[in-house]
Structure formats: structure tokens, C-alpha cells
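Following are the structures in question.
In what follows, subunit A forms one complex with subunit B and a second complex with subunit C.
Let's turn to the complex of A and B:
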């Protein structure tokens, strides 16, 4: 289908199914039950899942295929976000031009950064990209305050009147798609369960499906093969008379545009930008997402993104009171012991849990979560041929 | 899989599924209450969104303690704290309008993105009807805008920048804490009487929004007293060693150093300044002086002995002797074993003010609550008679000018109140140029859906 091989088609259809049915899949627990704490099927988090999925897919095109580790990818996300918010403020409240504008600006910026940074490889490349990202962050934080709003960031104000949209005097414009409010949600109540269908989420989901499809095509194309060649042995490529530069630059720009798309979507879902979106920890986060899920695989980065965002948003919200409720059945003293044992790992300790999980995955599953999934599947397969199957799927983890 | 086969059965099946899908919306639940997250049942959920990690984690932890205390008091547990001293006696310890108060917490990480994500999850998932907290103006402005959009009331925590109720003010957002302008207006007369009116000031300013508004405020009020500003240098927020910024100060011809820094920045820059011997130095025939516009106890304990004799302003201090403050310090101290910070105080008070406004309005609807808070005058919450001004949703109350204590009695007894600047002296017009001028408006209140 759509020029994909059978295995890829299956993968794409599975991803499509998961994305479109996410409101059901992510809300497995009834609203009133104690487990509702772990439900992730609310619009904000679902949007974050797919947006950071896009970001990680794009990052993976660069890192997974060419092996160039960019440590400044958040800069493109941020630049895309600023471009999108200015489009919403000045041009139109419709999100489509905003997203297109975000992709173009991020692409142009990636072209500039890539042109300079790709003169070096390995750690020097990483440092150069990191420097660019930190520079962008510092500029956005203070020097370019008139353009970026500084620390406070940019939002749509009631004084903004975009060129193509009519906003009543004194009203604050809202991002929309063909006149429909991005925040519009429908709630479906079935017994004790509630499922929320949010327009913004579905727009982001469709964008992710397109991004995912393009990434499959890139992975399978001759261009993708060239990028793999850059990764496996750049010198040999040089000696055969091929210059790796255009390929790496193209991969860098494509991946920057993916980041721009993610940035644009973030603004479309939540019309606000702050400079910390470009901070180096944000760049590090996408590296962790990709490595955690499985670098160089198609699905891995999306899984990694979902995993991290789940921890950040769900585990960080478990506080002492909730723990006391959980362990309320235990005898008093024992309850307190359990709470004080678990508490360091939830709430503000979510970083700790995530760090431990990350270490476990890297040590025992160097291929990321995806390798874990394959191992589990391998247990149930009649003829376990993990290496051959992985080769055919093209899901060989990056080393 | 390029083969496509439309069979009659397939088309019918697809049609049936699509038809079923289209009829779905009729089963969907509508919000019939007229506003977002109307509490159903016998509980109401509040969202406490505070920094639990990052540079302001200390303030965040203290804020959370205050919120827990406030919830206890609202639900009629504990000794009632400020409920007994509050001038409005609408709250009776049975929750809010008979509904038991429950709460959810989140980590803002002092990043506007993370803060908004956490606030959105409280609104969309947990059904919070009010969001409060925060320890940075960037976060406060971002979350306030989000609440305006979603139709939720936002009760700001510790945020001192003019913008929160200045150019970024919103109809659904309310701030009890004071702001940069008030700090400047309160400090200037005290500085003039202590140090004279012919001083030359040198500003070091944290390079972000709060730093700018504070520098502007202090500058304009001291210049109005006759001071001269020699230079104003911006320092990166992430700076930890300020020696390269301090060394030019002595030769600049200035005789006062103003540190527009907060949190860790202020601790480091003040320590550096003292190490460079600025306190003992003389310039223009006068003693060299240092001023810190925004003080907090948590910062003072970080800077240790270096704060001795240094002037600054603060929203509230636990050593205040009025009934409200004492009641609060007592219940906080009994529960946690140490006195509360100004961040804890403002968060506690904001929660009570919200609960009280809901009770007086008889409704949780944001517009009704907003109306009850606008122009509300109250007393007994630690700052003396206070007005929630309708034009910009800023509280107007006396401002404390404090000085680092020479002989502290305990590790918490670091600041002494020098003067209580009366509210009239720190009041400004709603369209003051530092507050965004005539362009700044609240907009209309939003009940959401």
C-alpha cells in the first residue's frame, strides 16, 4: 500500500490504529477507580505523545541513519514554535499556515546550522550543535526579547489582530482549523469510562502519521541507504568518490523540519512559547527518547517519546496523599513505611525513576524498548529467528 | 498490498461503521453547568502547581506545605489558622460551599511549558476548578493565560514581576503578592533617609523579565528621590560567579550597588560583593552600600551573615505581630516545626481568598468568583487592610521594608522589619506606564464550556 512493502504496511497500519484509537487505549481505567491516576487519555498528554513522537522520528532520521548525534535539536523545535506563534499573531489564526511557516523557518535555520556544524563529525559536531542551541536559547531568553518575549515567552494577546482572521475587539484569538477551535473536545461516556476526542489531538495525530510514513519511505529509499553508508564508513564512501556532505546536510535539514513541525504543532495545541523549549535539557530529552525507544528503528523513537512523557506527566503527579490512599489497607505503621519507601520514586522523584529505567534499558536492552518488545515476541514465536527477522524489518538497532 | 478490492459486502460494512461513528456524538456528554469543571458530587478539586524541582524547589516545597495547611483548615481540621482572624466570616470549616476540598499537585519545574502541561492535566484529567501556585513570573504569566483560555480561575503564587497584573493581566487571574513597582516605591524613601538623596547607584540585573521590571521600578523611584543611576548591567540567569561583574563596580564612581537578583542568583552575587569588600569600601566620601529589592527568608538563610544590614522589601514576614500572621505562624509551626516563608503565606492566603469568594458568590463559576474578588476589601490575613483592585486584579496592601539582622536569634530570625510602608505610598494607576500603559486590559472573564 502507498508504495510500502508488506511488513512496512503492517507496521504503518498498526501505528495508525494505535494513534487513532489512542483515546480508548490510553484510558483503560474507569474514572472513579483508584487506578484512574494512571489514565493518560486526556488531550494535553495525547497531544504531547504524538508531537514528541514526531520530534523523535525526525531526530532519528539524522541520528539513527547517519549516526550524527545532534545535541541541539531543541533549537529547531523552538524556532519552529516562535515562527508558528508569530504566524498566529500576525497572519491568520488558522493552524495550517502556522505549521507550514514553522516547518519552513526551522528548515532554513537547520540549513544554516547544518552547513556550519557538518564540517566536523563525531563529538565536535555534537558540541557545535549544542553551542548553537544554547546560543539560540540565550538569544531568545534575553537579547531578542522584543521578538521572543524573553522569559515570559509569547502568547496570543487581545491586542493581536491577524491579517486574515476577524477577532472581535478585546477578545483573545484562539488557534483554529477551518474555523473549528483546536481545543474542541467531545466526551464519550460508556459506563464508568470516559473517553475524550479532541480535535487538536487528531490534527497532531494525522501529522504524525504523515511524518511516520515519510520516515518509512526515507528509511527504504536509496537516499536512506546513502545515509546508512555515511554511518557505517564515511571514509570508504569518500574513496568511492561520493561526497557525504549533501546527504548529511539533507538529512540534517529534513530532521530540522520535523522538529519545526513538532514545534508548530505544539503552538497550535497550546498557543504559548517559552525559551526553555530550546534549553539543552530539551535537546538531551529527544536523544534519550530515541535511545530509550531504539535508535535507528522506525517505531522506537515514538515509543521512547511516549514513555518519557508518560513519566513526566503521570508519575510526577503522584503525591503523598495518593500513596496513603493506596496503602490505606495496610496496618498503620506498615503503611507509613511503604509510603516512605515509595515516595522518593514518585512525585518530584520521577526523574529518579526515569533515570533507573533508562539505565536498566541501556544495560540490558541496548536496542531500546523495541528490542525488549522483540525479545518478548520471540518467546512466543515458534521459530525464533530474531536476527533474520530484524534484518527484514529493517529494525536493526543502532550501535 | 497495492491490490484494492471493493466488494459489496465491504462497502456495506464500512458504511455501517461510518454511520455508527457519525451517530456517536448524540451519546456524548455535554457540560450543562455552563462552566468548565463544575464540581459534581460532594468534593471539589483544586490544583496546586508548584516547582518541585529546579532552582525554586525550596519555595515550591514551602508553598505546598501552605496549601496542605489551607486545605486542612478549609475542611475544618486543625486549629483553623487564619479562618478565625479573616475579616470575612463566610468560611465555616465545612469545605467550600459544603463540598470537601481535595487537591492534586503538579511540578512546574520552573518552566512555562512544563507548568502549562501540568496545569492542563489538572484541568483536563483531574477536573480542577482552580489552579494556583508558581514561583516565577514567567510561569505565572504562562499559566494565567492558559487558565484564561480554559475558563479556570488562577490564583498566582509567588510572582513579583509587574507584568503578571500589568501588561499580561487576565480577567481569570488574581495576584495577592506585591510587585516590582511596590518594592521600588516602598524602598526609595527608606533608602533616601538612610543613605541620603545624592547617591549614585549601580544596578546588576538578572537578565530576564522580572529583572527588567524590578530594575525599572527601583530606578525610577530612586531617581525621583534625587539618586543618579551610573550604570545597569544585565547578568545571565545561569551565572553563579559574579566576581567579573562586581569588580568594575568600585571604579565606576557609584556608591550604592542594587542587586536585582532573586533566589540563588542573589545569594551568589551578594556573597561575591561582600567578599570583594564592598561593605567596607568608601566611594565619593560615603560608605558603600548594597540594596536587594526583593528579599525572602529562604534567600537570606542562603546568604548567611552577608545579609546583615542590607535593605530590601518583602511581602510578609513571620515575625509580624498582628493576629492573622500569628495564627498562621502558629498552625504552620505546629505542623511543620519551623516558620513559613513569604511564598507559603501568599499561597495560603490565596487559597482562603478563593474559597471565601466562592462562598460569597454562591457559585464556582469563574465569572461569579471573579466578581466576588474584584474590589473586595479584607483584613486579618497578615498584611493589614487589603484591597483586591478590580481594574488589574492586584492586591494593594502595606509593603514591608526589611533589613538583614545584625544579631540573629535563630536560623530563621534573619530579617527585621524596618518600616511598614503604607498602602497609599505604593498605589499606582491601573494604566501606569510600568504596567503596560493604557493598552493593558483584563479582557472579559471566561467561564469556559
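Let's turn to the complex of A and C:
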């Protein structure tokens, strides 16, 4: 279907089903039950799943295929965000031009940064991208304040009157899609369950499906093969008379555009942006997502993004009272011991859990969680089918 | 002229911290070939050694103040550090006051131990893995270390003052024949600079003039041949990792009075230290030290008011700008050797 091989079509359809049915899948527990805190089916979180999914898919095209580890990818996300908010403020309140504008500006910026950074490889490349991102952050924070709003960032204000949209005097414009409010939601109540369908989420979800489809096509194309060649042996590629530069630059720009798309969508959802979006920890986060899920695989980055955003929201909500409820079945003294043992890892300690998990994955599962899943499946399967084995080989990051 | 001297002096203490961290990073990279993203966390651990030590030294118990009562008629109590009981009032007060320099003695074994455990327990298993994996695992370790510190010490900076003897500022201008009180330099920063100089000299002396150092240098140049000569080079490299951790830790201990320790200070320094290492040239120890001081001083020049007036924001980006220019014109950094990290 759509020029995809059979296995890829299946994968794409599975991802499509999961994203489109996410409001159901992520809300498995009734609203009133004690497990409701594990529900992730509210619009804000679902939007973050798919937006960071896009960001990670894009990062994976660069890191997973070419092996160039960029530590400054958040800069493109930030630049895209700023472009989108200006489009909303000045041009039109519709999100489509804003997102297109975000992609183009982020792509142009990635072209500039990539052209310079890609002259070096290895750690030098990482440091160069990091330097550019930190520079953008510092400039957005200080000198470029007229353009970026400095520390407070940018929001849509009641003084803004976009060219193509009529905003009643004194009212704050809201981002919309073809005249529909982005925040519009439809509630569906079935027995004890409540499901929310949000327009913003579905726009982001469709964007992610397109992004995912394009990434499959890139992975399977001759261009993707060239990128893998860059990763496995650049010298040999040179000897065969091919220059890796245009390919890596193209990959860099594409992944910058993905980041711009993610940034534009973020603005489309919450219509605000601040410089902290470009800080290097944000760049580190997308690296963690991609590696945790499985760098160089199709599904890995999406999985990693969803995994991290889910646990970030759910684990950081757990507090001491909830822990006491959980361990209430245990004898009194033992309950307190368990609570004090678990407490450092939940709530504010979420980053500790993330760091430990990340370390364990890198040490024991260099291929990410996806590889872990395959290993577990392999235990149950008596004889791996030839096609499955080939798939496993194809998704393993090349040395 | 006096302005220039002020800026150079201001750049020295930050430059010293950069140079010390970059020195440790380069030691690890040159010996073990590992890019250690957890080095900033070691710096942070060092400055928390100072916090721990000053807490231990000022651990106190309540004693009754003889002859005084509060308004309810109960005997008045006050907190008295245990060291007062052991060494007497005057000596005890001095010890509490000098907590930061004393913590050096505490930090050296602790940091060498931390370095040993890190190398033997974790990094040893990553020699054969790609550089990207080494970066990622040490980055993850840095996150874990900083979150552990955050759990125990909270998210707020903890003030750790320098001894009172170094409280004031040195009137540097008067020495050089300028107007008095034009060039002022806090004593502690001067101490920090001298301390950094001593440490750097010690590390270089150790590598240059001892047999152990000679073997390590030989191992850096050609690991295999040294191994063939029957020397267990791995053991010595592990020690060098501990030494590098101790250098970062000491840089942190002495930096505690300048910037109050907080859990993310390591990450703040790490990013800049990497830039310093790359500018100096991966694997070059003199390069790391020179680039550290150079960038520290450049940064302080860029923060001069008239500079910021002419080029707004230059103080924020100067280091990165210099790094980009140097990397593009001199791919191996200022003093980088050929063939390092170019695969």
C-alpha cells in the first residue's frame, strides 16, 4: 500500500490504529476508579505524545541512519516555534500556514547550522551543534528579545490583529483550523468511562502519521541506504567516489524540518513559546527518547517518546499518600519501609528513575526497548521465522 | 589599562575552573579514550564534599548557657559544635571557619574512590563500544548523580562561605601603581587561581617526573607496546581516572565559596568544559589548560560594559563563537594531536 512493502504496511497500519484510537487505548480505567491516575487519555498529554514522537522520528533520521549525534536539535524546535507564533500573530490565526512557515524556517536554519557543523564528525560535530543551540538559546534569551519576547516568551495578545483573520476588538485570538477552534473537544461517556476527542490532537496525530510514513519511505529508499553507508563506513564511501556531504546535509535538514514541524504543532496547541524550549537539556531529552526506544529503528523513537512522556506525567504525579494507599495491605512497619524505599523514585524524583532506566537500557540493550521486546518475543518463539530474523537484523543499528 | 587588568583578573578564576575540569576530561580521554559526560557531575560532587564537610564540622548539640534563663525561667540553651568540646572554643571556631579548605583532605580520597568505582564498575565495559554509547552512558550517569544529590540536599543552592581570613578584597591596583581601589580582587578568587596553578603543576609534574607518569605517557602514546613490555597499563589508567576525578572534585571543593553548590552546577560547567577541551584539542593536556584560561578571560572581556554596548549579547555567546571559529579553521583545536578522534 502507498508504495510500502508488506511488513512496513502492517507496521504503518498498526501505528495508525494506535494513534487514531489513542483516546480509547490510553483511557483503560473508569474515571471513578483508583487506577484513573494511570489514564493518559487527556488531550494535553496525547498531544505531547505525538508531537515529541515527530521530534524523535526526525532526530532518528539523522542519528539513527547516519550516526551523527546532534546535541543541539532543540534549537530547530525552538526556531520553528517562534516562526509559528509570529505567523499566528501577524499572518493568520489558522494553524496550517503557521506550521508550514515553522517547517520552512526551521529547515533554513538547519541548512545553515548543518552546512557549518557537518564539516566535522564525531564529538566535534556534537560540540558544534551544541554550541549553535546554546548560542540560539542565549540570544533568544537576551539580545533578540524584540523577536523572541526574551524570558517571558511570546503569546497571542489582544493587541494582535493578524492580516487574514478578523479578531473582535479587545479579544485574544485563538488558533484555529479552517475556522474550528483547536481546543475543541468532544466528550464521549460510556458507563464509567469518559473519552475525550480533541481536534488539536487529531491534527497533530495526522501530522505524525504523515511524518512516520515519510520516515518509512526514507528508510527504505536508496537515499536511506546512502545514509546507512555514511554510518557504517564513510571512508569506503569516499573510495567508491561518493561524497557523503550532500547526503548528511540533506538528512540534517530533513530532521531539522521535522523538529520545526514539532515546534509549529506545539505552538498550534498552546499558542505560546519561551526560550527554555531551546535549552540543551531539551536537546538531551530527544536523544534519550530516541536511544531509549531504539535508534535506527522505525518504531523505536515513537515508542521512546511515548514511553518517556507517559512516565514523566504519571510517575511525577505519584505522591506519598498514593504510595501509602498502594502498600496499605502490608503490615504497618513494613509499609513505611516500602514507602520510604519507593518515594525517592517517584514524584519529584522522576528524573532519577529516568536516568537509571536510560543507563540500564544503554548498558544491556544497545538497541533500545524495541530490541528488548524482540528478545522477550524470541524467548517465546521456538524457531525464529526467517522473515522475522531478517527484520531483526535490519533494525539493529549498524556498527 | 586598569580596565583590562580587571577583566583579566576576573577571567582568571572562571578560567581556572574551566582549566581544571578540562584537564581532567583530557586526562580521561587521553588515557582511556572515553568521552566522559559525567565529569561535570564529579565537579558537582566535589563541591558537595565541601558542603558535607562543613556540615560535619558544625554538627552541634545543645548546651546550657550557665547563669542565664529565658523569660519563663528555664535555663537558656544554645547549639555548640562538637569540635568546640574536643579542641576548645578558639581552635574549634577556627576549624569550623576553615571548613572548606579542610574538606580538601576529605575530598581527595572520596573522589579517587568515586573515580575507581566509576571506571571499574561502568566505564570499563564501554571501551569496545562506539563513542556515541560512551557519551550516552556517562550522560545518563550524570543525570543519576545529580538527581541523587538533589534528593539528599534539595534543589536550592547551599551557601558555603570561605574562611573569614579571605573575606575581603585585595587592592590590586595600589600594588601596580594605579589609583587605590580601582582594581579590587576578592582574596578567595586569588586563592582559587593559585590553588588551580598548584594542582595543574602537580599533575604535569607527576606525569613528567615520576616513573609512573612516564609509563602513563607511554601508554597514551602506544598502549599496545607498553602492554607487550609486561606492564599492566589498565591498572595505571584506572588510577589516572581516579586522579582526574580528584582534580575535578578539588576544583569543585574550592569553587564552593564562589558559587553556592547546587545540584545542576556540574551540567552548567560541563557544556562549557567540553567546548574548552575541543578548542584546546582533544587529548592535549597543555591545550586544555591554555584554552581554559583563554576562554575564561575572553568571556570576561566580552562582559565589559562598552563591549556589550557595541555588540549586545556578545558576553553570552563569545565562547561558542570562538569554538565554532576555531573548529572550522583548526580542526584539531589549538594544540590537538593528529589522529585523535578522527575515525
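In this text, the second predicted complex is superposed on the first by the 376 of 399 C-alpha atoms of A that agree within 3 Å, B and C clash if a C-alpha of one lies under 4 Å from a C-alpha of the other, contacts with A are read in each partner's own complex, and residues count from 1 in each chain.
Throughout what follows, contacts are C-beta pairs under 8 Å (C-beta built on N, C-alpha and C of every residue); 3 or more make two chains touch, one makes a residue touch a chain.
No experiment lies behind these values; they were computed from the predicted model shown.
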Which of subunit B and subunit C A:135 touches, first, second, both or neither: second
Touching partner for A:172 - first (subunit B), second (subunit C), both, neither: first
Which of subunit B and subunit C A:67 touches, first, second, both or neither: second
Touched partner set for A:378, first subunit B, second subunit C, both or neither: neither
Touching partner for A:272 - first (subunit B), second (subunit C), both, neither: first
Partner chain in contact with A:347 - subunit B first, subunit C second, else both or neither: first
Which of subunit B and subunit C A:127 touches, first, second, both or neither: second
Overlap of the subunit B and subunit C footprints on subunit A, listed as residue numbers: 138, 141-142, 351
Subunit B-touching residues of subunit A, taken from the complex the two chains share: 1, 4, 6, 9, 39, 42-45, 48, 138, 141-142, 145, 150-153, 155, 158-159, 170-172, 174, 183, 186-189, 194, 196, 270-272, 274, 276-277, 279, 312-313, 316-317, 319, 321, 347-348, 350-351
Touching residues on subunit A, where the partner in the complex is subunit C: 67, 69, 116, 119-124, 126-128, 130-132, 134-135, 138-139, 141-144, 280-281, 284, 287-288, 291, 344, 349, 351-352, 354-356, 358-359, 362-363, 366, 399
Complex contacts: residues of subunit C adjacent to subunit A: 35, 122, 125, 129-133, 135-137, 139-141, 143-144, 147-148, 151, 267, 271, 274-275, 278, 282, 312-313, 316-317, 320-321, 323-324, 327-328, 331, 341-343
Partner subunit A, residues of subunit B touching it in the complex: 1-2, 24-25, 27-29, 52-53, 57, 103-107, 111-114, 116-118, 120-121, 124-125, 136-138, 141-142, 145-146, 148-150, 161, 163, 168, 207-210, 212, 234, 236-237, 439, 441, 443-444
